[in-house]
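In what comes next, subunit A is part of two complexes: it sits with subunit B in the first one and with subunit C in the second one.
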Partner chain A sequence: MASAIVVGSTTEDGRRPVGPGRRHSPFHRARRRMFVPFVYPALAVYMLIMVAPTLFTLWLSLNRWAGAGPMQWAGLHNYTAMFRDPVFRTSFVNTFWIVVGVGAAVFAIAFGMTILLQDMAGRRFARAVVFFPSLVPGIAISIMWGYLFNPDGLVNTLLADVGVHSHPEWLAQDNMFKVILIGMTWLSSGVYTVIFMAAVDRIPPELYQAAEIEGASAFQRFRYVTFPLMKDVVSVCSVLWCVGALKTFEFLLVFSAESGALPPTNIWNFAMYSYAEAFNPDGTADYGIAAACGVIVLLLTGLLMVLARRVLRRDADTY
Partner chain B sequence: MRRRQPPLLAGVALAGVALCASACGGSSSGGAGAAGSGAGGDHLTIWSQWLKGQPGQQFLQAAVDDFQKQTGIKVTVQWKGNAVVKSLLPALNSPDVPTDVVETSASQIQNVLYPAGGMLDLTSAYQQQVPGTGQTVAQVVGPAATSLATPTDAAGQTTGGPVVVPYWASATGVVFYNGQNFPALESAAPKDWDAFFSILDAQKAKNRRPLAQDGSVTSYNAVFYNDFLASILGPDALNKAETDKTGQTWKQPGYLQAAQLVERLAKGGYFTDGYDASKFPAMENKWANNDADFNVNGSWLPSEVGPVAAPGFDYRSFAFPAVAGHSAPPLNVTVSGIGVLKSSKHQAAAEKFAAFLLQRGYQEQVATEMQNIPIAKDVPAPPAVQAVKQAIDAGQVNTVRSPASLADYNAKIYFGLDDKLIFGKLSAAQFIDSMSSDSADYWKSKG
Partner chain C sequence: MTKIKRHRGWGHLVTVPVAWAIVAANVLMIVWIVLSSLKSTREMALHPWSWPKHFIWSNYRTAWVSAQFGAGVGNSLLLIVGSGLACILLAAPAAYALSRFRVRSSGVHTALFVLGLGIPAQTMFIPLYVAFDRVGLVDSVWGLMLIYTGAGIPYALFLLTAFFRSLPVELEEAAALDGAGPGYTFWRIMLPLARSGLITIFVLQAIGHWGETFFALVMLHTKTTLSLSLYNFTQTMQYTGSRYSVLFAGLVILIAPLLVLYIVLGRRIIEGISAGYSK
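== the complex of A and B ==
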């Protein structure tokens, strides 16, 4: 079946290779000259709103600062204090669960839904339905979940109606993080299902016809046709997921914290740790540690992106 | 066609840069300094903790309108809500701070804005006369509230002069009940926890879980241990144990006794079902519908549950009782009011406005319109919290405060273990052991 796929090599940015002769043509020289004035404005904006704040964050992480007034040089103290802090370690584990645990669940569900919905009648409608949770703001959903899972909430009432009286205490501190993970999985699965289905839509139907003639099951069609031809999309999605998941914040805060307060530390992730250091409602802001945590997130994001791209690296298949 | 695209893109890019440049370096005409500079007279800018439509906003707007009419000073108020301090902090780095006055709780001002060097010492403002009272600001506010309006150092001791002129107060550790169900309590509140346990046990005997507790609010949970401990060992006992870098203070007598009282409540079936697995305000709403008998909460509770409460609910309260054989814990009070920015060019007008709010008429409106506790002595509070007001007027106020530097400790160590204690996941002895060892580890991690 794989032989039916025409695989061709392209450059990394998807363009065809250009010969040395073409590079030096007057047209290309003129084009290169124009490159500079076109790129510089964008580069300047990028430097101003992305690179400069990043460098400032790095500088901040080496100081103690209450958010205004003078800074005090702290060297690497913010980092050492943070690494010794058990709550930072809890935040690390929770961040890992969100990025890897929820990520695995989201991608598994999205793949499963892609297989199930591929040949289903009314797939456009189904796609709209699975996408729906993504349209509702996460903050609204997290507030709603709080009410659904209250002891007298809808979930327990429905369970009682069907005769289930022994159920977990959904919002107990020991269970809250699990409920959050489930909520995030539910929120995100639809988006990735829709992206994966869009990727599947561009696969020529004759490949599936050939697979069918050869007696491939639904899973085999996914394994040998669908997945290889959507691998580039999966790679991009995995990067997008890692970046988004590392920054998960509002769902945790709204679901688990009361107005103006911090949530219990057993559900903190890196973003919450950083927020708590900068905006502890009862204390003086410590932007130094918050920035140090931000630097760690930046490094982790870079690392995860490289890893995700490496694991899924392959020349793009074309057809 | 493709050749036409680059100029278009370049135009868009340049327009973007121009837009950003104009946005980033835009005029600061909204700033406090600029606002008053060209108008000829004073122009006061206030950033307030209230949002439009809230009773506090309506009260303050009416007072501002009167102030403008009577003094000719123009006032612009921006209703920022709870995030007022968070919004203001970054602006302190600007040479043109966008407000003269911040109107919020003293603790927020002291913990966040004062350490950043942004607040004016208001000692001189406290010497002003309050119009129509024959008293100075210091006399109207009183020594206890003045202390609460003054910043503290790392040891929790007041330092410098007050940075807030408060006009209202709130208190936590207040026991609320429905006066219709317990009419006798209004004249004879339980004198200690033994007496209160008797009342709770009588309710338990009627198959009720008498105490409503929103366990999802860690600070509400901590009120029990805080106040038991303050009653047994005094209001500074918690600070002493928390700042002991060896953690050994937790092992001293009294700390365990306070934990045992919380354990008794947790394991004795006193708290409403679901208190440890629900989302605020589920449990206080249950109480407001008579599904529980008592709720230890803050003086704001009646206005908070008012819209969902059972018809005719008669809000009554008494202060957190003493542990038998000890004094009652002093009330934990937070004061809120006017702070003036050091950078303000209209400090005299700002101080005048602060004194203006302390006139008796406005203080009465704090009770009648805002449904809160007026700061001025002898001005009555709403009936639901009048008992609290009397305790404040009598000076039974906890002036020992947790230093801002302990906020991180509380968030990472104390609140978490206290939650486990009140949810019955830790015994009193385990709580003390954990507090002791985790405190030592925490301070070690801080180096």
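== the complex of A and C ==
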């Protein structure tokens, strides 16, 4: 941990300056000859599994295709049809809620926990416990979540025990998505708590001592020391959160109402929409629209990454 | 790191119990899942808080055999070990060459790999499904393994590049003076030095793939993984009525290995995950 001094700037790979002669030594020549055998097997698999399918999806999104037979050029028709589809619009709003709504809650909780745990005795243990749920696959958490909010599940039993009998129907159409959002918040808060705590640990204690001498209150210490020095980590985290949250899938999948079917359309997000357009058990496959939805996710991801890089470059507070 | 005593206000009397309450809730949740998996479904609903009257171990047998969790565990294990090893075997030499060989195109190649971190599964799955269908890799564990391997490469490469950069140059030069070629130097000297980084990556990928659902659902039809068994079982409950105790036994089968791994390798896992964010 002591070696982490500068955040946000990469150190050069070479410890010594590279003179003109050094690049051409037999040592370097031998290594350069090995570059292709070392790098290209990985590159080939990566291109085959990730890059080529992505490029094909871009092409597919401009065509009409049911998986077999000839493709039909459709131009931007898939995109316009998709944006007119009310289900897609619901998916859009839901995706937004997951990315922004849950994201804000997760970050607020993670900050809260970071402050709570900052100099508590037994913080390592506490940190380890809080982190564990985020390792558990989403499908397990969502199954348990569904059970807790079942009509005769634990939440209602608990409420009855304390004398509350008029509770909402948690898994009814209107409430289900809210219940899911809360579950996702719980699932994800642990990781960010741990990362924020690691960032706080790297802040030199002298800064806090100085603040103390100046008479800063606990809030002021957080506002003027902790927060500014965590900005980098927070912005990296927010990108990674967005990238991950855009893909949310299994947490919704488990809440399907009947066997073999997908969840009700009012809880769909982009991932579910895309999957359903391609593989809906009771519909025809429309690969073109599914691909168009995938392209939208890709574009949003790319946009977020570019945005975060710009934010990162602008204010790189180092310590 | 020197610990300084900070002035503590009254706020501390509130925050510490809140923090411990959250911690306790998380621990209780795990205990509650395990206890519930040993009750009958009826007892789970009627006495959710009580200690099980009789330990019904047969929930686990039912889960393992008739709910197909056993088959799921087998396939999931095969998938994570196979794809984890393949991914590292591919990514480690590439990361080494990209971070050390000082080839002019290293930057471009690294950037190309890192782009993969931003490619979501939704933009890949249709072409993969169509192509794998043509070559007979749909409903095949090997096909799914190939996808996990390829999709894991960017992340593994990203972490390993940083790791190899931190190793001293002198070792390679000394090896070269002794007549070792780049291949020998990598496999015999640098790779063993990177062991702890490799283990971290293997463990992180294993955790990620242990409960992977999206690609498994797309690619497998008759075969099953652990997460698919769970999902299928929740689906059959619509017909057979609630069998939550068996479902919870399945949850324990899914979670227990993670918990054991976490207790043994917790620090490595936590540091591995937070390292990716702070570089």
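Basically, the second predicted complex is superposed on the first by the 255 of 319 C-alpha atoms of A that agree within 3 Å, B and C clash if a C-alpha of one lies under 4 Å from a C-alpha of the other, contacts with A are read in each partner's own complex, and residues count from 1 in each chain.
Going forward, contacts are C-beta pairs under 8 Å (C-beta built on N, C-alpha and C of every residue); 3 or more make two chains touch, one makes a residue touch a chain.
Bear in mind that the values here come from a model prediction, so they are computed numbers and not experimental data.
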Partner chain(s) touched by A:Ala276 [first = subunit B, second = subunit C, both, neither]: first
Subunit B versus subunit C as contact partner of A:Ala160, first or second or both or neither: neither
First (subunit B), second (subunit C), both or neither touched by A:Asp286: first
Subunit B versus subunit C as contact partner of A:Ala81, first or second or both or neither: first
First (subunit B), second (subunit C), both or neither touched by A:Leu240: second
Contacts of A:Ala172 with subunit B and subunit C, given as first, second, both or neither: first
First (subunit B), second (subunit C), both or neither touched by A:Val93: neither
Touched partner set for A:Asn266, first subunit B, second subunit C, both or neither: first
First, second, both or neither for A:Arg32, with subunit B first and subunit C second: second
Superposed model, subunit A: greater residue contact from subunit B or subunit C: C
On subunit A, positions contacted by subunit B and by subunit C: 34, 37-38, 41-42, 45, 48-49, 67, 146-147, 152, 256, 258-260, 279
Subunit A partner contacts - residues on subunit B that touch it in the complex: 6, 9-10, 13-14, 16-17, 20, 24, 82, 86, 89-90, 92-93, 107-108, 111-112, 115-118, 214, 216-219, 273-274, 276-280, 282, 402, 404-408, 410-412, 415-416, 419-420, 423, 441, 444-447
Interfacial residue positions of subunit C with respect to subunit A in the complex: 1-4, 6-7, 9, 11, 15-16, 18-20, 22-23, 26-27, 29-30, 33, 45, 48, 90-91, 93-94, 96-103, 109, 112-113, 116-131, 146-147, 149-151, 153-154, 157, 165, 168-169, 173, 176, 181-183, 186, 207, 210-214, 217-218, 227, 230-231, 234-236, 238-239, 244, 247, 251, 254-255, 258-259, 262, 266, 269-271, 273-274, 277-279
Residue ranges of subunit A in contact with subunit C within the complex: 1-2, 4, 7, 10-11, 13-16, 18, 23, 27-28, 30-35, 37-39, 41-43, 45-46, 48-54, 56-57, 60, 67, 113, 115-117, 119-120, 125-133, 135-140, 143-144, 146-147, 152, 154, 157, 191, 194-195, 198-199, 201-202, 205, 208-209, 212, 218, 232-233, 236-237, 240, 243, 246-247, 249-250, 253-254, 256, 258-260, 270-271, 274-275, 278-279, 287, 290-291, 293-295, 297-298, 301-302, 305
Residues of subunit A that touch subunit B when the two form their complex: 34, 37-38, 41-42, 44-45, 48-49, 66-70, 77, 80-81, 84-87, 146-147, 149-152, 169-173, 175, 256, 258-262, 264-266, 276-277, 279-286
